[in-house]
Amino acid sequence: MNHAYDVSHLLAGLMLVASFSLLYQDRIFAVLNIFAAQAILLSMAVGWEAWTQQRPHLFITAALALCLKGIIIPVALHKMIVRLGVHRDVEQVVGVGKTLLLGLALTSLSLMLVLKITVAADSFTREGLALALAIILLGMLMMITRRNAVTQIVGFMSLENGLILAATGARGMPLVVEVSVAFSVLIALFVFAVFVFRIRERFDSVDIEALENVRGDTK
Amino acid sequence: MTGAGFSAAPQLAILLAGIALYAAAAVFAAVFHRHKSVLAAVYPICIVAAAIAAGASLAALLGNTDSGFRLPLGLPVIGLHIRLDALSAFFVLIVNLGVLTTAIYGLGLDRDRDLSARVEPFFPAYALAMNLVLIAGDAFGFLFSWELMSLTSWVLVVSRHRDAGNRHAGHVYLVMAAIGTVSLLFAFGGLAGAAGNYAFDAIRAAPPGPLVAGLVLAGAIFGAGSKAGIAPLHAWLPLAHPAAPSHVSALMSGVMTKVAIYGIIRIVFDLLGTPIWWWALPFLLLGAMTAVLGLLYAVLDNDLKRVLAYSTVENIGIIFVGLGLALAFKASGLSAAAAVAMAATLLHCLNHSWFKSLLFLGAGAVLHATGRRDFDGLGGLIHRMPVTAAFWLVGAMSISALPPFNGFVSEWLLFQAVLAGPAFPEPILRFMSPAVGAMLALAAALAAACFVRAFGIVYLGRPRSREAAEAHETARPQQVAMALLAGLCLLGGLFGGVAVSAIQPLLQTLAGAPLPATGTGPTPFSLVAFDAARSIYDAPTIAIFLLTSGLLVTLLVHHLSGRRTRLGPAWDCGFPDPSPLTQYSASSFSQPLRRVYGGTVFGASETIDMPQPGDNRPASLNVQLHDYAWELLYAAPARAVVGLSARLNALQFLTIRSYLMLVFSALIALLLIAAVWF
Amino acid sequence: MMTSVALVIGIPFLSAAVLAVVPGYRASAAGNVLAMFATFLAGVSLLFVDAGASSYVIVDDMNILFIILNTLVGLTTSVFSASYIGHEIETGKLTPLFVRFYHAMFLGMMGSMNVALTANNIGLMWVGLEMATLITVVMVGIYRTPSAIEAAWKYFILGSVGISLAFFGTILIYLAGQKALGEGAPAMTWSLLQAAAPQLDASLLNLAFIFLLIGYGTKVGLAPLHAWLPDAHAEGPTPISAVLSGLLLNVALYALLRFKMIVSAHPEAIDPGPVMIVMGLISLIFAAFMLYQRRDIKRLFAYSSIEHMGLITFAFGMGGPLANFAGLLHMAMHSLTKSAIFFAVGHVAQAKGTQRIAGIRGLSVTHPGLAIGLAVGVFAISGLPPFGVFMSEFLIITTTFAREPWLAIFPAFGLLVGFGALLWRLQDLLFGEPTEPAHKVSASSVPLIIHLGLVLIAGIYLPPTLVGWFERAAEMLK
Amino acid sequence: MSETLTLLFGQTIQMFLVLLVAPAIAGITRRTKARFMRRQGAPIIQPYRDLIKLLRKEAVVAQNASWFFRSAPYAILAFTWVAAALVPTFASGLMFNWAADAVALVALLGAARALLALAGMDVGTSFGGIGSSREMMIATLAEPAMLLVVLTVALTAGTTRLPEVAEFLTAAPVTVRVSLALALVALVIVALAENARIPVDNPATHLELTMVHEAMVLEYSGRHLAMIEMAAQLKLVLYISLIVCLFLPFGMAPANAGPAAWPMGMAAYLVKLVFGAALLGVWEVSIAKMRVFRVGEFLGGAFVFAFLAILLAFLTREVLN
């Protein structure tokens, strides 16, 4: 049991490190690579859970994470960037230093919060949940501190990685596989939507700010 | 009366029949609104309904009926309570007499020109709503009907929607009505308590504590007071009342304001429990201020219907003073004085409903005949509309509290109540009563000035426009309506003593005692306030006296001088000018008053624009007035709301990232709170 | 019970599948109406079966009305859609293929909402709600104009983030229940969680509620999570706006209330009241101010929906039998009224060929019936009698004042500010010199009349059955 | 019954008494003024002659005058006359003294004034309007002041009925009360204003932009003018009577004394009237006419005095209580 705990803790910790790296990176390809790494770490973590919890169907989730988020989407986004000529630099709204500081603050907030309120829960739930929450918050932070659509998608996917981590960490939770499938569909739609909009040539770039030129209500 | 069931006193049953007739008329007219004949049929039906309802309420008032029942409608569990007691009956009488006369006036409306699907279906609906307010026996029913009353009258206010001014008036009106309703919601919330005892009986059984009572009082004064037109909340009233068709204006000004007063009486004198002396202070202060301010507005305004609306504001002020005095006396244990003040208040409600309706109907006749209601386009109508002019004169004298008409009766009683002021145990009240008396006196004098001006400018002199010169006398039913009201004004003036003895049981309930000395005067018609040695006003005697001396004068003068009369051009100190523009105008008439009062109250200033020599431009005198109530309480908040909304509107145009940031911040904020809290 | 619920959920999904392959947009419109009618009958049949709960679905006092309401509004909206969307083809805004797609998606959305409403499993509830959201995203973008796509995109991103947070909250609820109910499905079953609420882990519940409030609150449209809502309403087809405001917001709030019940039932968990009061008031007052600057008629009423969702959230935050009763009543009334308003707005937009308020004047002259419909709707939603919203607002304001006099000023202020704006706009629309053009209206006015008729009746008389449901649900809500 | 008849008789006497003495009072004032100006002056009976002359002349009415213009003088005279007849003069407790109290009296005068102001506007000339407008402006200040004065006295006496007030003051020990003194000052100012006297108005001038009363009646002639003049003279008598009744009531025949006491009362009353009229004459020669817009301040002073008076009256009551 202790062994199981160590491994899952290690994997979750590595995912958190990957989240920080995502915040740190300002090259778009590097972002994609790190995200792929995080997804692979997630699939390993989920696989580990499937094995230790004796819930083989979680392997489906692990496989999904590996294939879709670890391979297909990074590759697709890579190609898209190349084909569409998106800027290779990540446009940051908030500087890297500040972002990292904020990230640290969010991480400590989630650790403090979860550790404080889950005194009664078993240690796995506590640590796993705390790390998952930190990953989720960092994903959101990435979404709001980066301007490119691609990095925003990556931010959302990273957030979703945290969710899957939390869901698989919750022992015996039903519907996890179904939910992970649903999320995958969602992400696919996300990528597809950006791609479609670009193809329609309605917007100059995938930059979301360009999407917002038309704001409905006239000023 | 809390039990369910449908047993009702015959008066209530008959009243409900009348009310049902209103409902039928409204539905009927709404369904067949394309047929002018159906629209025209609304008024006869309303006359019948109003007569039935007025008769029933008079019977209920005289019989001191107290009857009610509960219907399984409205709020669940609590149900809808219907209740007719003497207080309701009194105001039901006011409402239905108003509807009766205005509906008679409506008979004379021109079928092709005046009838409209925007007015006729809503006229009975409006009457219906006002009646329902008065017979509601629970908070929900009361406010339901109250809002319905606002809503139906809003439709009437905006019925001539092409005029941007009317639309503006409608908007201000309904928003203000909503503010008032919310304030009343507060009041009833306080009365009902957390347990939700919304039925009046339940509220009466458990009156609120002093702090809550204070809040309820504030809510009631703000809510019902704004509806009645109390200053400084009154600014909607002179916009909305004149915007409606004139017979509706008559109802709004003459009758609906009384429904608001009913609301205040019901809450403060009935539901709120034993009064505390300081409750009277807001009434006295606001009332005295309103009475004077209303007339100062009226006397400076140049629009016939708006002048009447401002004068309504003034009269509401007088009624408020009466209520305040009654409350103060009641709280001080001076029941007899409370009865005098209450009698004055109630009679003034009745009287004002008559003369204000009369004046508005007359204004309607003028508007119909000339198409104008600005003083600068009227004049000399006494020649073309002698009947209207005569009745309007009666109305003007009544509203100016001149004997032998009815306005004076209530005014007189009120002064008697003021004179009982030294008996107050509270020094503040003792010193306030003479101040209030002074304000009332000032208001009375201003009222005379205002209506001399209005009558003089509109009916006397020479016509100031072609329309006025070609005016025609109004239709016969409209003359009948005005005649009825003028007759009521005279009868009310003569037999105030009788009226007071009819409401004795009501005074007993509201003030704690009836009038002490009614019927002890030298004649059966004498109005006696406290006792016959202290104060009597015997209108019939004075009227006979006046008639006799008038007759004597006529006989004497005609005996001495004959009746030789020669017509000639006007003298005017030898320099008569044929242009009617040389007459004194309404603005010039009010100039001295503006000089005396305008500077302090309205920040009035005059600038003279004198062209340089050689310039052909005419010189002009410009007057600037500030309506502070409007500027501070209406325009400024409206600007603030729109300004703030313009700033907040930036939030509509953020980037998605910023919106995400908002979501994220909300989450982090809650998490931080949680981190600190748990 | 199971049969009825199965029908309520199954009919829309199956019909959606069928309609997706049926050629001809007229047939699919008719099919939509038919399917929704069948669903409505299935919903009504719930009245005649015993309430109860299985591990996946539940029918109780809390949701029975909302299920019936959902199917009813679905039915009336499908009737409205049939005539409205037909007009869109005539004006060339949509192709027949898209219309077919529209009808199928509509049914799918209704089915998803029914899933969320009947779910006893909180995961299933989440799935239903998210499916409904995703489908509406697509529907909002159906016109494919730049602004429509932008609105859909905004909705999509914010909705997805909401989805994620709500899911995290669901996980936390599961963890909170895990100890008391054991691993597996029971810890995700609402009725079991509710029954065992006092034994759950209080602090986890608290944390869960925060995530659920933000997550589902995004769907409810609470400020500052509301940003998707006005644009989604304004740019999508009008029937979808009606369903969004009338149903989807309600369903999301319903989900939130289910969780509030669990949290409230735990003696040591924090009281969700204050948070809901604050968020409700922010939404109410913010939306009320935003109404003044609106130039687009649908965006105007979208903000009005935010306002009312804020008021409802406030009412539930206040709690207590009266406020909860009023909140539930207001949910039902708002649903009926706001969808009716959107029906009327759809008519107006077709009659005048624009959604811009400045282009619509003098409706009472050119389209009296429509003007009355719109005015009645606006007055009903503004809480004027004789309509149902008056009763709920009456109860909310009076009971708040009776309990916390100073607190009552805020909702009252918000409502008044909002009323000022709505009335201003309404007068602009109805009165004055009519503007050109003035087309004839082709869309059916029956749905409008039905909705407003129901709201009118509710304002005067509430059936005891309904009162009973609400009272018991209010009891559960604390 | 016979007592009623007696009282009715007394009332009738008073009615005609005031009517008869009114022109003489105006005559005395004018005469006094003339004498103080070192003029001979018209004889005291000159106003009677004027009235008769006016009555004999035919009335010239402007072509566009309405029925109101013609009937107003009758009504004005009737109202003023009734008011004058109801103020206790030589005896209190006459037949109809009870019918109208002080408040009603003010209102009766107000009615007469309103009718006169309206009559001034009927022909539609600029002068008429000037007069009416200024008259009403003055009234807005004078009437409340007067009402307050009346209320002050009523408060002191505990009744608004003038006979009772007079009796109370006669019976009460003579003490100088500040409130009553202030009230007296206020009432005198009001009386000056209401009777169109210097400094508010000048009864002897025409064609002056400052005129008030005369401007209103400019279009009247013949019998109509006679009635209006008569009403004005009656009003003067009324005000002097009122001042006398409220502040110097001694000498008045008590209510139950019967006709035997009347001659004494009448003598006292006439003396007081003559004295008052003469005093008015003295006052008028010793002061200058004010600009119209200063009148507001002047009458505002009356209002302030009256207000102070009633405040003090309330205070006195408090001290006494």
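Labels A, B, C and D are assigned to the chains in the order they are written; within every chain, residues are numbered from 1.
The definition used in the following text is that contacts are C-beta pairs under 8 Å (C-beta built on N, C-alpha and C of every residue); 3 or more make two chains touch, one makes a residue touch a chain.
Every value quoted in this text rests on a predicted model; they were computed, and no experiment measured them.
A.B. asks: Could you tell me which chains make contact with chain B and chain C both?
C.D. replies: Intersection of chain B and chain C contact lists gives A.
A.B. asks: Weigh A-C against A-B on C-beta contact pairs and write down the one with more.
C.D. replies: Taking the two pairs in turn, the one with more contacts turns out to be A-C.
A.B. asks: Counting only Cα atoms for the centres, state how far chain A is from chain C in Å.
C.D. replies: 31
A.B. asks: If you average the CA atoms of chain A and of chain B, how many Å lie between those two points?
C.D. replies: A distance of 68 Å separates the two centres.
A.B. asks: Using mean C-alpha positions as chain centres, tell me how far chain A is from chain D in Å, no decimals.
C.D. replies: It comes to 98 Å between the two C-alpha centres.
A.B. asks: Taking each chain's centre as its mean C-alpha position, how far apart are chain C and chain D in Å?
C.D. replies: Distance between chain centres, rounded to whole Å: 77 Å.
A.B. asks: Of all the residues in chain C, which ones touch at least 2 other chains?
C.D. replies: Chain C, residues with two or more chain partners: 153, 157, 161, 203, 206-207, 230, 293.
A.B. asks: Residue numbers in chain A touching 2 or more other chains?
C.D. replies: Those would be 113, 116-117, 140, 143, 152, 208, 211-212, 215-217.
A.B. asks: Taking the top-of-page definition of touch, could you list the pairs of chains it picks out?
C.D. replies: A-B, A-C, B-C, B-D
A.B. asks: Inside the complex, what are the residues of chain A that reach chain B?
C.D. replies: Within the complex, chain A contacts chain B at residues 93, 106, 109-110, 112-113, 116-117, 137, 140-141, 143-144, 147, 152, 208-209, 211-212, 215-217, 219.
A.B. asks: Applying the document's contact rule, which stretches of chain A touch chain C when the two form their complex?
C.D. replies: Contact set of chain A toward chain C: 113-114, 116-121, 125, 129, 132-133, 136, 140, 143, 152, 156, 159-160, 163, 166-167, 170-175, 178-179, 182-183, 186, 189-190, 193, 197, 202, 208, 211-218.
A.B. asks: What does chain B use to touch chain A in their complex?
C.D. replies: Listed in rising order, the residues of chain B that touch chain A are 652-653, 655-657, 660-661, 664, 667-668, 671-672, 674-675, 678.
A.B. asks: What residues on chain C touch chain A, complex-wise?
C.D. replies: Going by the criterion above, the answer is residues 121, 123-124, 126-127, 130, 134, 146-147, 149-151, 153, 156-157, 160-161, 163-164, 167-168, 171-172, 174-175, 178-179, 182-185, 187-188, 201, 203-204, 206-207, 230-231, 234-235, 293-296, 299.
A.B. asks: Along chain D, where are the residues that touch chain B in the complex?
C.D. replies: 15, 52, 55-64, 66-68, 70, 74-75, 77-79, 81-82, 85-86, 96, 98-101, 103-104, 107-108, 110-111, 113-114, 117-118, 120-130, 132-134, 136-137, 139-145, 147-148, 151, 154-155, 158-161, 164, 206-207, 218-219, 221-223, 226-227, 292-293, 296, 300, 303, 306-307, 310-311, 313-314, 317-318, 321
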